[in-house]
Amino acid sequence: MTRIGIIGGTGYTGSELARILCMHPDVEIAAMTSRQNAGVRVADVHPFLSGYVDLQFTERISDTKDLDLVFVATPHGVAMNEVPALLNQGIKVIDLSGDYRMHDVGVYEKWYGHTHTDTENLQKAVYGLPEFFRDEILGADLVANPGCYATSIILACAPLLKSGLVEDEVIVDAKSGTSGAGMVPSARTHHSTCGESIIPYSVGTHRHTPEVEMAVDRFAGSHMKVTFVPQLIPIVRGILSSCYFNLKEEVNQEDIDEIYRNQYGGERFVHYVKEPSIRAVVGSNHAQVASRLMGDKVVAFGVVDNLVKGAAGQAVQCMNLMLNLKETAGLDVPGLGV
Amino acid sequence: MTRIGIIGGTGYTGSELARILCMHPDVEIAAMTSRQNAGVRVADVHPFLSGYVDLQFTERISDTKDLDLVFVATPHGVAMNEVPALLNQGIKVIDLSGDYRMHDVGVYEKWYGHTHTDTENLQKAVYGLPEFFRDEILGADLVANPGCYATSIILACAPLLKSGLVEDEVIVDAKSGTSGAGMVPSARTHHSTCGESIIPYSVGTHRHTPEVEMAVDRFAGSHMKVTFVPQLIPIVRGILSSCYFNLKEEVNQEDIDEIYRNQYGGERFVHYVKEPSIRAVVGSNHAQVASRLMGDKVVAFGVVDNLVKGAAGQAVQCMNLMLNLKETAGLDVPGLGV
Amino acid sequence: MTRIGIIGGTGYTGSELARILCMHPDVEIAAMTSRQNAGVRVADVHPFLSGYVDLQFTERISDTKDLDLVFVATPHGVAMNEVPALLNQGIKVIDLSGDYRMHDVGVYEKWYGHTHTDTENLQKAVYGLPEFFRDEILGADLVANPGCYATSIILACAPLLKSGLVEDEVIVDAKSGTSGAGMVPSARTHHSTCGESIIPYSVGTHRHTPEVEMAVDRFAGSHMKVTFVPQLIPIVRGILSSCYFNLKEEVNQEDIDEIYRNQYGGERFVHYVKEPSIRAVVGSNHAQVASRLMGDKVVAFGVVDNLVKGAAGQAVQCMNLMLNLKETAGLDVPGLGV
Amino acid sequence: MTRIGIIGGTGYTGSELARILCMHPDVEIAAMTSRQNAGVRVADVHPFLSGYVDLQFTERISDTKDLDLVFVATPHGVAMNEVPALLNQGIKVIDLSGDYRMHDVGVYEKWYGHTHTDTENLQKAVYGLPEFFRDEILGADLVANPGCYATSIILACAPLLKSGLVEDEVIVDAKSGTSGAGMVPSARTHHSTCGESIIPYSVGTHRHTPEVEMAVDRFAGSHMKVTFVPQLIPIVRGILSSCYFNLKEEVNQEDIDEIYRNQYGGERFVHYVKEPSIRAVVGSNHAQVASRLMGDKVVAFGVVDNLVKGAAGQAVQCMNLMLNLKETAGLDVPGLGV
């Protein structure tokens, strides 16, 4: 059995990793760390894992020997302190925070407001979106797992960007369920505030902005202007990103459909559909993408479960590639549907 | 007391009109019609009106004498059969359906799929958005009350359109609570379908599209391209419309703020705010508008309670103008806030 | 104009008091205190009150002169420090916390875990449920406003208790929206925790238990065993309490209906209905009560908006009585219905 | 591979069966019937099953040969017409409707309002609750799968009933998510009606009442009075049943805990916990049970995902037993947790 560690096992991403990995046929969770819960049984903190994860939280990942791969599921700014030592010991790493997503240190430091202390590994990190960077991930020691917003946006936009049919700007109106904000209570995620509302937030200042910009540029092959407006909606799991493009030339719906089908026809987890549905993907690593011609514009929709394809599921998909396991292992279940 | 009639008292718009009018100091509800509930007490169908509306539903509005003004709160295609007779009797009319919103018969017939049988009055109908057409409403006999989406969009966009600062297209990503879909159960508004989701619908085909286009053109003074994508969100009351513009020239946030403050500074019901909130307007005729510079674009947000400022409340505001009552009478209450 | 003060204007109860009082024809809000927001405009903290409350928060209520009545809307343990001075100045007081609800100091100290420092006034406080204690409230200087759970439970149970038809125990299975928990974020009211769940909490330890017990005993005229289980449901406003009794003798549904109709037939705000509905009362001071025979048991349902009839609205109803105003002044609006 | 058929594949229970069975290692779905969708691909009706179920709906189950076991997931009154022929062909059957749950024909006909046409097999049907009737299910040809409410209630109550510690009556205050009402839109499950409410319904008339009574009597070994009040809550999946008992004698919490631990200590899917959580079981076949002493009463809570342990998951658990497969096959995944 391949031995896996999780740094940051208290939060939603950490427990979601455990939920997925405990169903995985080829790996075992050997360690989960938690500063606040060190010494406590994982199943006491996360009762839904009772019978599936028989471990105590440890203080440090170095307390556990012979790990093959470690997931880092901590707030930004923490992973960069953990990653160098892990890589030096020959342990592969998947970071689910924002620490290794942007190769440009200056951009990182501007948006996150602190110094990056591991610029060396930053250059080596592979962006963990398997549908587009499968080959790089296969050989990677360090993967930066995409953010939930970025995943939904890139899946929706990349085929159009690569097609060369669209102009150099995109408007992204994104809507996220509250679990995307993590487990720490706040005024915005207080039920009485958000439970019967939809709340635009961090307009122009959201930290996923540079990640989206970087990815979008990469697919377009040139600089794109990105306008990103995130909004909180009163659901627990799920993201819908609505992405608006101007077409450079006249195309019809069939042309658009073909571009997406060519891109995703062979993918297990990304589905090009007519009407995207959050319930169809909730609880699973599946994503749905739709794209609709509207005059001289196209609106592309991307839908994921923010905790699975938008975080832990995608990370496990990357893990499978890095460890030469079947890419879908532990992940091949449908969404809840209802 | 001014005597008011409501045609179509069973649905959400009809009962919301009754809820507002029963608090109005200067008018009395003299008649409410309902085909399916004729002969039944209004408070038996709408128990929340018990103690406030002491009437039975009647079959036809003509069963009631001496009405001064009638609201028509029926599905589209019905009002046009009722309005001519009412106007002929000297009764003022406010139609809350789509029947009299577009002066161009061809556009109506294309989007609604049936012939318009009252083209004469169609030309005379005044668009009932008091903040922009107050003078026309004052003297009108027939007012076409704006749709809920259109109200939220126009309030957000009109100041920018009038300013001449924006290019000739707007992308409107709109999100509505389920009460906007009316009281008839459907697959989309079934709780298990929509209760934990956000659902784009009628993309490119929604019937509020031509209304928005007509209004937007009017404020811009030239033809605007409108891209309108409505989405259903799991709240009961409330709309948030996010509207994206390209700027023609460089401006700063202060310039934008001033444009909006000049427009709405004297309005009782429209508030230019930093962070729009649905809960702040729910249950009230208030609207919130915000507008944020994002590089060479602006995103303008419009928030209303779809049943009040987006329907019945705005209709009562128009009624007050048409009857020379205080414009805020019966409406001057804050939103629920929480 | 009668001059009103509110101690504790930041929280949900304080802002709800302001929302109601600003629609009141006979009083003016002369002061609102807030420790954390002293010096800030009320409408900046509560934007939905913009245009309705033109005040700054003050630090202490004693900063304002010539108050006629003060509402205390603070957490328990605070009111007892404020009330003596207010009463000494001849200012009437309505306390919305738990400090003055129980005449038995020992019971208070056991459940709240601290000493009661104003036992003198505790004995004089009148329990502010107008439908049952109208006469006492009329002459009161100090009113202890009932809790939201207690209001819903007493309205449902009192007629049966008074009838002598039921045995000496009641099971109360109560469900509350999240605004009942106040504005301070917590793990339980975090949307991702409670937004798609129903959560029993404080089973056997909830602080409203002794208040319910006291009230129930009073109506029964003897000691009742109360089993109270509160549960959090994912709505913002509203409580449904389901109360189960054993009948002492055989009765039929008509007998039960008559008991309730006799009790509430003349009340403006309490409605005996067949099928209780939270939406029918939301946003209003109305309550709905239903009572159904089930074999040798009766289930009685009580429904209120926890912030209105369950808190601020009921307090204003008491204020009207204490100040010899019309009991319904400022409160006579229907619920939202939809 | 064992070949499985599903009669009634359009509804929520049918699609949930397919969702679970497509993850099952030992069986294949050979047929799904649907009257309204015959000839249509299953994945076109249920897009979340795309890539997992590669079948067309057929009109009749007899169109498919060599089935080993058939699930009947139709409204009540339909199964009794299908079951005799299936059993005659040697096909095992699990009925998820109410048709075979009650052995007393008179009780069935009273509550369901029509004649039972297969009274012979009715007597042979085994009640499919594995935690209590495992041995009978092992040898059964026909299993009546418990209802969702009944499952949550029995799991909570049976240990107490069997203990002999409780008196002969139980009050069940049950709360269900909307998916329990099925996929057909209705006024009650319309989002604007139920989305911000909790709605008691079918008080005293719900068809699960006799099923609960029958089961409760069986465990008690004598006649119990059951008071059952179902309530609709605004979540999609999940049931919480709160069950109140009088104790015959004085016990302490430890005694109660021991009773439950003895009952469920060896069960994979039923967990005795301190604080039950719907999110902990959603999407899974797990149930949580809690039981709390409150004076001379006990409140027992039962929590399930109504579509899994309350329907399709439990049916698959029975199937595993009937086919001599591992009882947990296809089902051994944790709940979503968040």
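Going in written order, the chains are labelled A, B, C and D, and every chain counts its residues from 1.
Throughout what follows, a residue touches a chain if its C-beta (ideal position, glycine included) is under 8 Å from a C-beta of that chain, and two chains touch if they have at least 3 such contacts.
Keep in mind that this is a model prediction, so the values were computed, not measured.
One copy, subunit A, sits rotated relative to the other, subunit C; on C-alpha atoms the angle is 180 degrees to the nearest 5. The two sequence copies subunit B and subunit C touch through a face in which the numbers common to both exceed half of the numbers used overall.
In whole angstrom, the spacing between the mean C-alpha positions of subunit A and subunit C is 45. Separating the CA-averaged centres of subunit B and subunit C is a span of 35 Å. A separation of 40 Å divides the Cα centre of subunit A from that of subunit B.
Among the residues of subunit B, those in touch with two or more other chains are 12, 179, 183, 192, 196, 234-237, 277, 279, 338. Subunit A contributes residues 171, 173, 175, 192-193, 196-200, 203-204, 225, 227, 229, 231, 233-238, 240, 242, 244, 275-279, 282, 290, 292, 294-297, 299, 301, 338 to its touches with subunit B in the complex. Across the interface of their complex, subunit C is touched by residues 12, 177-179, 181, 183, 185-187, 189-192, 194-196, 234-236 of subunit A. Taken together, the subunit C residues at the contact with subunit B in this complex read 12, 15-16, 19, 22-23, 46-52, 179, 183, 196, 236-237, 268, 271, 273, 277, 279-281, 283-284, 286, 288, 307, 333-338.
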